[in-house]
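Heads up, there are several structures right after this.
Next come two complexes, and both contain subunit A; in the first it sits with subunit B, in the second with subunit C.
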Partner chain A sequence: MGVAVLARRDVEHSRVYIDQLYSNDSQKCFQAVSELKFAVIGSVREKGSIIEQGVVVRLLQILRAPELDILLKTEVATVLNSLAKGLPEHAAALVQAGLLPVLWEQLESCPSGGSGSAYTQMLLCCLRSIYRQGCAPPPPAWDQKLLSSLIQHGYHPPSNQECVANILAHACKTNEQQQQLVDAGGADLVACLLCSPVSRVQLPALHCLTAMCFNNERVSSIIATKSYGGKAVPDLLVGLMARDRPRDMQLAAATALTFLHRAGALSADDPRIIYKTLQCLVRMCRRDREVWERVEAANTLAYLTEVSTDLQRTAAMTDHLIHTMNDYLKDTTPPNASVPQGISVSPVSCRQYDNPSTWPELMVGAALKVYASLGANDEDIRQRVIKTDVLMNTIVTSLSAASPPVQLAAVRCLHSLSRSVHTLRTTLQDHVVWRPLMTVLKTSNNEELVTVSSSTLCNLLLEFSPSKEQILDQGAVEFLCGLTRRPHPGLRLNAVWALMNMAFQAEHRVKVSILHHLGTDQIFRLLSDTDVHILMKTLGLLRNLLSTKGHIDQIMQCHGKEIMQAIILILEGEHSAEVKEQALCILANIADGDIAKSAIMSNEDVLKKLMNYMVIPNVKLQIAATFCISNLIWNVEEGAAERQNKLREMGVYKLLQNLMTTTDTGLFDKVKTALQQFH
Partner chain B sequence: MAAGSGRHSASPPLFPSVAAQDAVKSLYPMVNEEETPLPRCWSSKDKYSFIGLSQNNLRVHYKGHGKNHKDAASVRATHPIPAACGLYYYEVKIVSKGRDGYMGIGLSSQGVNMNRLPGWDKNSFGYHGDDGHSFCSSGSGHPYGPTFTTGDVIGCGINLIDNVCFYTKNGHYLGVAFADLPSQLYPTVGLQTPGEVVDANFGQSPFVFDIGEMMRELQSRVRNTIQTFPVPDTHGQWQSMLHRMVSTYLVHHGYCATAEAFARSTAQDFDEELTSIRNRQKIQKLVLSGRMGEAIDTVHQLYPGLLENNKNLLFMLKVRQFIEMVNGTDTDVKTGAGGGGGVGGRKMCGGSPAAIERMLHFGREVQHMSQVLKIHLGKSDQNKKMLQDAFSLLAYNDPWNSPVGWQLDPLQREPVCQSLNSAILESHQLPRRPPLEICVAHTRQLLTLMSRSGLGSCAFSSVDHVLGGSPLPPTPPSAATTTTTAAATNALHHHHHHHYHHHHRHIHDQ
Partner chain C sequence: MDSDISEMSLGQEFMRTNVDSDTDQSGTNEGVKAMETSEWLEETNKMHIHRADMNKLIMNYLVMEGFKEAAEKFSIEANIKPPMDLDQLDERIRIRTAIQNGQFQEAMRMVTALHPEILDDNSQLYFHLQQQVLIELIREGRVEEAVVYAQDHLAERGQRDPSILNELERTLALLAFDQPDTSPFGDLLHPSHRQKVASELNAAILRAQNQEETTPLLAELLKLLLWAQDELNKKKVQYPYMTDLIKGQIEERK
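What follows is the complex of A and B.
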């Protein structure tokens, strides 16, 4: 009999107090809220049922009613806090019902000196519980006054400290929010909270600090100079990272220090980074740690060591890291793995570990990122990484089969490895990595993924890479030319770069194909790109296209006019000397052709420009211009005498003679060679 | 009370008092160097002839031909690594890599051939500089770490709890190199080509690697193991036993009010009547304030026959009374000059000629008693020494600053007080010592036993730490920090039992 009867009685009973929630008699209403409180605390089922019944709307109404008693409101906030602590769906439903604006509005109306009041505390708890569920967007931009009062509330008592630190940690996502937080005194608050004796306060304070520092040089440099109790924040962090601290605290502190380093506030050779932080993170990757700790630690480690060669070298020799990462690739989560309860991951990773079936993939992704960082610069490390078991197979399968984050990690790793000539010629060729890579490039619309993939492709297209031909056969030219038209500058740069590598000492058909698919219009567009790197690589591409006599003549016959226009465009534009030097070098290449010479010789404007560059006070440009002249008048070639006469008439010979007085040996040699050509 | 260690029992070190001067010892506070000395330098005997030592036997250089591996030479430290170190660590700086840099750093057992590099033979373990390989009792190595050369500092650590060995290079942790290590290993280095010179640091100077932090990690791990150790407690027996231990301790030392309150809140009975506890407390107070005469009278009155049946105890009390008379504490005239008198004008017997007269008279009584005791109970070295020490006080103008002045320290009343208290309890068929103290003493014994049996966890299991409730002294701290911790611990104890200065220390001696 029991169950059914009891259940019905429950519902009937709950109806009674739910009805009374709407009572105008505040006494009755308070009674009802109290009963509600006891019903929902600790019961997920009850929370869900209450939310379904639409009670939240009434609760919010009570909070907003100015005439109602603060005790009643506090009790209501307690109920809402309990509901927010239920399943993520429950918190989401509360947000949906408009809980957040009401809480903020109520908090704003709390007196600033009333941080200790039960109502303020409960409002903060409620906000904390919602944000910790990771389902609420942070306020798009903070109201400065509200933010200041929130930070004021955060100093006292400990319950507020914990709540405010959590709220700020979860609600600091953008650059502006980071700045606002610091301007409002968030850095001082965090420094103070780090010194709390309560780990429930310290941990969210660390997460908050991390969120503030991420990728923000200005904010990080301010935070790094803050101190509390006579200790600078970085030193406080080192204290929290000590080996006898709880592991989640060590990890959070190491992450904070990592972010300070990456934002330029602490240098790579700072002992707190290269000794303490690095060792802590490597330690956290060990097999005896929880999966989530290992994934977080490896991801952070990859970020820490992404740039600095010193950090990469140190990490590579610390505690068998390369082997440890290999375990990540092979790790299979036991089927009975349970979701970790009550773990305190950073807001960024909120809910990431809820599904154990995704753990192996998370581990693979993290390990590939670590390998990518380790192998970024040092060839020895790269070779050690490549030699680890199953790595190449993992990369290849991840490229084609994994989720975008793991695909990205795999491409990053491949990119690092592709920086090795040896590897390009051996391992990468053996594993036919270009095939899945091209598939990623052609099918993915994830910009970051395509950017890294195209960088990798650049390396695979280097002239000594055996994959080059196969990639060309796959329609790489057409694809890359298409990429040069993408709005993302990184993609355009990589595409031109790859084309440049492709054109280097390439067969004529390849060059024709590039010119055909790219089109002169697009070349002009790229030459007027605001990104100087793209401009430089485009000039490099032209230079590679216009090499060896036969190719120069053939290309100039078809596209001579446009190419000359493009060069004049650059020479006349407001560009740096490096850019102009590239343009002059292209001219020198053109001057090396047999028929192509006429394109320059017939253009007196260009000749005058060349003479001009021979005398301007920049040796590199002088050398490039002189070299071009020298090619024009090379005396064994047909029509040399004619060209020499013309240039002599224009005063080039005289100019060269004057240049003989130069003190620069490079220029002197070029001038001497040119003069020797004159009969 | 520990016989024959009278002088030292005045201030048995709570933490090693040598900490400030001896950096090596301070790294390993739980090591008893009388039983297991720490390695502090290379042995000038336990080495191959191609090894030269200098700079207090800390610098090692190669002086052989160095033609091939048959010219390899090693040296061991003077002593094996005591298990009670818990975590042992030493560093070697490569002063010069010499011709080829064939240097090995590691550990080996006694008796392993010294005409070899560490790692090549059974019970020998090494990390070699030329190839970065680790050698585990074998002629062929495994890729382990980076190579090392002139200017590098290589650290070798051994975790005596997990029995693993790890290395560091220039302060960076390289990871575990060897597992399942045998016990009684010696720090060992080996060189093989001319010009190779290395310097060892056994802890005399600060290490490049932060070993302290690793120690603290192990410490918290061990502490956690202890705290979460499962206790089978099916019927709440465990808890009631703990209550009983606390209660008997309070009763034993006569903390009447506390004992009563504790018993009330834990629903227990006493084995002794309340008045009896109060009586003992009264006597203890007298002894601890130096009023021996009154104390003895009170014992006669409250426990007739006790001292008559225990002449040695009475003798001890009388000798103490004599000392207190010299001290000026045990007088008929209450001068108010308590414990040791004022700092400035301290005079024998408070400077009163009448008191001196009485003291001398009393001295003769005690001497007589000693002779009687000798006849009845036979010779007692302990009694003889006690009396000699006490009478020696008269040989000095300023007994307080004399070689026997320690007897005048009020702390010396405590063992007397304990003996008396125990005797009273025993006469009532109650235990001489409370179970809590027995338990503590037992634990201490077990820790020494662990140390002797090579169980490294003993390094991080300190009874004082548990009693003091404060963390163990931070491992390689400045002297100041250690003192502060010790002071804090003392303060805590003072707070708990006012009359018993440093009371817990005496558990140490029993």
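What follows is the complex of A and C.
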């Protein structure tokens, strides 16, 4: 009974002070806000309760009222700051109620020299707390004036420095924002903050720097040349990566240097990258480190080594990295796992670690990404990676069962491994990877995932193997032909490339299937594609289709007219010599077919073009054209005599004789062979 | 310019060393005898510690722990400038006094008034303060109030965080005993528990004041000594072992 009475009394008490909030007596109002402050600080439940009661509207009203006392406003800002530190839904509710514009407006109205005022400080704290929750809608671009004044406030005192750095770190998301930030003096501010003696300021400054540099060449090159206190920013970053620094700081500094390198501001052989950053990241992957550290470090390491072969080689021999990643694949969540306290993980990934049951999957994803990067270019590294005992099984399971980010990591890893002919012939046969890969291709909506998967499939189709047959049975041809119609150029390219591989030395029925599902209309479309790589691969596809005499004749019989049209289209169009060479090679193949020859012989226009190409000042084109002629007049075949007469009449014989003076040995051989055929 | 609290010329390097666990260590000195005690003591005596460094260590301790009058007096007698304006100690002193008098709710209000972000940002600390309020209520036998307080303030926290729930249960278990201080959870009632919370709060305030070091360097030194001895013991090295840090008593390690 006594307990119930006490509880009710508390509720009544709180209702009194909430009512007083609406009072016009500023003294009473202040007291009420103070009571409110003591109630909500530290208590998630109270925060939720207050927000539910709709008090926020009144609080914003107080902030906006110009006549009200600044002490009262500061107290209100303190309450709002505390509310913003609650659950994400609390912060979201505040944003919904229109908190952000009010805060910005109030900040603007603060005198510029008043950075030290308690009110300014609390406004900045409030903004920072909201942005840290990640629920502030990112504007496409900042208001220039607002940004400048924000940066001005960010120079002192330390409380403001920390707040401004955090706001910028969390808010800076787009390329345009990055540019604006640098242009408004953000890089200078960050360089200054990196040198602060207070680690609470340095850490958000690092996050701000990484947010600015990411994937932005111009901004990164500007930042790399900034300096403060006589030290260049990259050197400052190396200092913050030292072993006596807190782990989250080491990681943030290493990430900043990684982004600077990837954006082209620091080269791969810069000692700060290859001898400092890389080692720091590898060190943080060790078994005795915490999960969040190991995952972040591995992901950053994968990004660092994604492109440069030197970095890949160095990483592969640093501190048993390949073996360490193997541990990641076998890791299980310890039973008493808890979310890291007081650690400041980067703004991008801070929410990732909220649920310990997802940690094993995060570890697997990170390790696969590292393997994908390490094995991208070097065959030795690939062989060492493949020896990792659980790797293939993990890849196969992850392809079918895991969440999209881990699926993507698995496909990337598989893609790197599939660049090895040896691996294609051995390991990738032993483990049936194509089946889950095909499933991913057919069922996924994720464009990036489908692009990398199709690229991998492309490689798998290169080799003669039982799986090639099985892949075909799965309806791969129809599927790939469908992919050639997708808007994403990367997908179209991979699809055509895969078809090209499939057609290489393939059986007639496969070639028929390809032509049937693709259709000559689509071939025309692909030959008109804006992406020249797609065009080249389509020509390559045609060339592969039109190989082997029997196939050439059969295909030309069905599609001869369209194919000739397509080739003429290319020869007449504005294309590079490389493209035209391909087209001429296709003609040469057609010229090899017994019946198909007539398609060329009956076309005076094409014959004249061939003669033109024989004399054009480009050796490769000359060779291709001559080869074609050579095939046409091959005297073993039926009707050779008539063909030779016709061509002689047109002046081909004379042309060939003239070409005997060429200095190019390749061309000379071809010409000689052709002349020998004439009789 | 005064040196920061964090700068000490005495062994600055090894103060800042991170204790990396190195899995590549080989234990080749199992059962090795370091040297004779007399030799050891002789070598130790050769180490020269500057008086100025000793003074700095002491000043650092006094300032960190909030002994303002002592710090002022020491500053005069040892002719050493304090590392900060000693009036800045006042707020920490007031808060520590409140805690020593068992007035935890008062202490929480003071902290919130001065540094409103501390209790939101340090939820463990906040829980320990609330737990202490509960302990004080139980100690005074105000059982009903204790239960209500636990319900109103601590229950929701316990729901969200399993480690806190454990601590909460231990604390409430005290209510089951007529003589809680002799119960298995009696350690909670011990004054040292109050002291732990006081130090935790002190450290949080120092952090909020942008101080990089939040515990006295003297404490760090002693921890380093204890850790070093621990490592040597693990490797079964025989050396003169300091058994009593306060008295500096050394024994031969068998």
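By our rule, the second predicted complex is superposed on the first by the 670 of 679 C-alpha atoms of A that agree within 3 Å, B and C clash if a C-alpha of one lies under 4 Å from a C-alpha of the other, contacts with A are read in each partner's own complex, and residues count from 1 in each chain.
Operating definition for what follows: a residue touches a chain if its C-beta (ideal position, glycine included) is under 8 Å from a C-beta of that chain, and two chains touch if they have at least 3 such contacts.
On a predicted model such as this, the values are computed, not experimentally measured, just so you know.
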Clash-or-fit label for the pair subunit B, subunit C on subunit A: clash
Partner chain(s) touched by A:244 [first = subunit B, second = subunit C, both, neither]: both
Subunit B versus subunit C as contact partner of A:198, first or second or both or neither: second
Partner chain in contact with A:42 - subunit B first, subunit C second, else both or neither: second
First (subunit B), second (subunit C), both or neither touched by A:318: first
Which of subunit B and subunit C A:468 touches, first, second, both or neither: neither
Subunit B versus subunit C as contact partner of A:226, first or second or both or neither: neither
When both partners are placed on the shared chain, which of subunit B and subunit C touches more of subunit A: C
Which of subunit B and subunit C A:415 touches, first, second, both or neither: neither
Touching partner for A:643 - first (subunit B), second (subunit C), both, neither: neither
First, second, both or neither for A:294, with subunit B first and subunit C second: neither
Set intersection of subunit A contacts, subunit C complex versus subunit B complex: 243-244
Touching residues on subunit A, where the partner in the complex is subunit C: 2-3, 6-7, 10, 37-38, 41-45, 78, 81-82, 85, 125, 158-159, 197-201, 243-244, 286-288, 338, 341-342
Residue ranges of subunit B in contact with subunit A within the complex: 145-146, 169, 171-176, 210, 213-214, 216-217, 219-220
In the complex, subunit A residues that touch subunit B: 242-244, 275, 278-279, 282, 314, 317-320
Of all residues in subunit C, those that touch subunit A in their complex: 4, 16-18, 20-21, 23, 109, 112, 116-117, 119-124, 126, 144-145, 147-148, 151-153, 156-157, 160, 163, 207, 210, 212
